Amino acid sequence: MINKTVKNAREAVADIPSNCMLMMGGFGLTGIPENCISALLEKDITGLTIVSNNAGVDDFGIGLLLKKRMVKKMISSYVGENAEFERQLLSGELEVDLIPQGTLAERVRAGGAGIPAFFTPAGVGTEVAEGKESREFDGKMYLLESWLKADFSIVKAWKGDTAGNLIFKGTARNFNPIMAAAGKICIAEVEELVEAGELDPNQIHTPGIYVQRIFQGVNYEKRIEQRTVSK
Amino acid sequence: MLTKDQIAQRIAKEVKNGQYINLGIGIPTLVANYIPDNLEVVLQSENGLLGIGPFPTEDQIDPDLINAGKQTVTMAKGSSLFNSAESFGMIRGGHVHLTILGAMEVSENGDISNWKIPGKMVKGMGGAMDLVASADNIIVAMQHCSRSGESKLLPECSLPITGIRCVKKIVTDLAVLEISPAGGFILKERAPGVTVEEIKQMTAGKLIIEGEIPEMIF
Amino acid sequence: MINKTVKNAREAVADIPSNCMLMMGGFGLTGIPENCISALLEKDITGLTIVSNNAGVDDFGIGLLLKKRMVKKMISSYVGENAEFERQLLSGELEVDLIPQGTLAERVRAGGAGIPAFFTPAGVGTEVAEGKESREFDGKMYLLESWLKADFSIVKAWKGDTAGNLIFKGTARNFNPIMAAAGKICIAEVEELVEAGELDPNQIHTPGIYVQRIFQGVNYEKRIEQRTVSK
Amino acid sequence: MLTKDQIAQRIAKEVKNGQYINLGIGIPTLVANYIPDNLEVVLQSENGLLGIGPFPTEDQIDPDLINAGKQTVTMAKGSSLFNSAESFGMIRGGHVHLTILGAMEVSENGDISNWKIPGKMVKGMGGAMDLVASADNIIVAMQHCSRSGESKLLPECSLPITGIRCVKKIVTDLAVLEISPAGGFILKERAPGVTVEEIKQMTAGKLIIEGEIPEMIF
């Protein structure tokens, strides 16, 4: 199989231009592409639209891109832990499109799977339903929602191989596999990169067909938002 | 009046053996502490875990294993991991039997508001809209009144809605109430020491009182 | 977690009545629930509607249920290797609903995932489109297709645990995981049944939430339809 | 006139490095034998395998590992396994670059018929309708004429359609042809020893002949 390895994050994100649409995996700070976020920070681009369940915190994750004013719009389900985000939003510098988490996940999944639209019950009777087609099936109301696709999707996996196959760990999986499939170009950073053939085909979470570039990341911080321990 | 822990404890009595349950942030998370040991239930976390275990000890902490409230967790025996689309497929598909979540307001026809206050910073609905639109059984854990003393059980929600006609039962610091299919809060139980009259005063929506209202038993 | 183990196939299918809707995993003869098919054959039921990609062969798989006239209707994508099937179809004893394989898979997936309808491009301009709503998205036409659900889904896995978690092997996975989620009651037969906690949570293909009954099957024949070897 | 193997061999020249390819049953399956060793491509089987390897030796045979034609196969290095919904998600989502399949008829606007003959037992479309509705590049491998000598390249398909306006290129025993976006079969190459005049006679649909038509090179 063709070798999809690139040298590092800088090479992986080199051609990401201003004003494009990015998807970034992760839930909270878990499973976020730390290396690619750092590499994006070094680039002189702005006007990004980012699809990500959350928006990071002030000094980590997508919060860093916000602080550098690289982001025009966030498409997320929950953005609550970020003061700079709040400031930019209230000042009108930043747009935000808030989407129910399951609808966000399904829209991304639909983007990767070639389903342009689908019906879902989430948001019926709420402001999320405004302007959307609704329809009854078996006595229950549903909203028509459309697919989400991106120019680039950037995901973080635990293990990967040179053919682009990915295995995630724990709840760091979250949006990563569905976003991998929904980006025209998918960039995957992994903690451990092995040769094609070393991963069990039966255990692959994301088949390599979805991944265009892969590299082994360095220095993962894996910051914890809510360190909670048993007493 | 019940403490938050007592609300959680009372809700835990609603849990049935073999159920798959999604617990929201806040009081609902506390419910896990009161589920009797003889019941085998599975807690779902919408970020991709079935079978949430106890919080980790210091040396068990894994940053790659968190719940939907972003707290570090462990995995129970027999748990499984999956992506966000699969997770909400589970929820929407009705496979999760019971959802317990907090609310700012509930209306007498079962509408719930819990995601947005006009004029305040909007943080987003997270998975709440999917959960309330999907689960067959939704129990709300909340304070009966706001800090300023106003009823949160209303004829109609005043805040933006999270979901319509979805709440089945409410456990507050004052009472256990069910939503009548015809509309109205059916008073089922009183908190210890709380009178029906007090609950009446604190409930702005239609309150249905049938027969003697027993005190809660824990 | 609650123990979902039943003794054997006979106990697992005991309450399956006449005239109900069944889903059965498998592609060709690979990954079919051999034990449950045998147990169904012992039952005195008829009028079944079976959703399965194929219809088995004359003397194996679903073909055995057809031969015993237990099946009223097949919902499949390809039914070509079965003479008895052909006879019953031509004589009007059997109904068949032929569905493009990807549409069949997505309808089953939608049934499990609470999506009542979705748009797909397969079948546009063909007789499959007759009577269906069509709509253009981004310049391409799509058909509206609805979810498929069943009273019982019967699947076959490689390994399973007492909590109902399943792991499949090779291409025996096929329709099994999506059907597991689309049945009101899912019965899983597995080659190896272990205690909850023995399978790696990260490697589960079908989370136990979808499975109501599980047992360890016996005497798997795993018949091969097209034994093809390298020269 | 080309043999089936030669048709496969000619089609193999269309394959580009790094492509993900779905090969249908029949002649398309043979294409795998002619893909140059210096090209790294991945073959997809819609029953849930990326990275089809060679047919197994006797002792490698695994009944749990078949292709969409139900033949026993092996896995290539770096392959992956998945369920049928994921597999067709891959196909519909445009991730498979090239689909090669057989046909009973192709029309001059790129419609294809390959699943049903009225009056004969209908076996079903399998994955063909999904494949032709999804792939950006679809190449048809077929005989130019039926056994009774009638052209299978038609103004309009006479048989029930599998997909509309989807075929990009056709390789027959007589010629290589492309579908013109405006309609018509653009003759690109002749089989060795076959004249343009012969191809003209065997093509019922509009044939577009521009300049010299070269013979195929293998």
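The letters A, B, C and D name the chains in turn, as written, and every chain counts its residues from 1.
Throughout what follows, a residue touches a chain if its C-beta (ideal position, glycine included) is under 8 Å from a C-beta of that chain, and two chains touch if they have at least 3 such contacts.
Bear in mind that the values here come from a model prediction, so they are computed numbers and not experimental data.
Averaging Cα atoms per chain gives one point for each, and the point farthest from that of chain C is the centre of B. More C-beta pairs touch across one of A-B and B-C than the other; that pair is A-B.
Work out the mean CA point of chain A and of chain C, and you get 33 Å between them.
Taking each chain's centre as the mean of its C-alpha atoms, chain A lies 29 Å from chain B.
Per-chain Cα centroids separate chain B from chain C by 36 Å. With centres set at the average Cα position, the gap from chain B to chain D is 55 Å.
Multi-chain contact residues of chain B (touching two or more other chains) are listed as 49, 81-82, 85, 88-89, 91-92, 134. Of all residues in chain A, those touching 2 or more other chains are 106, 109, 113-115, 120-121, 168-170, 202, listed in ascending order.
If the chains shown are joined wherever they touch, the resulting network has some other arrangement, not a path, ring, star or complete graph.
Pairwise, the chains that touch each other are A-B, A-C, A-D, B-C, C-D.
Of all residues in chain C, only 27-31, 53, 76-80, 86, 89-90, 98, 100-106, 108-109, 120-128, 158, 168-178, 205, 222-230 touch chain D in the complex they form. Across the interface of their complex, chain B is touched by residues 1-3, 109, 111-115, 161-163, 165, 181, 196-197, 201-202, 204, 207-210 of chain C. On the chain D side of its complex with chain A, the touching residues are 17-18, 20, 40-42, 44, 49-51, 75-82, 85-86, 88-96, 134.
Against chain C, the residues of chain A that register as touching in their complex are 106, 110, 113-121, 135, 137-138, 140, 142, 146, 167-170, 202-203. The part of chain B that touches chain A in the complex is made up of residues 45-49, 54-58, 61-73, 81-85, 87-89, 91-92, 111, 121-130, 133-134, 160-165.
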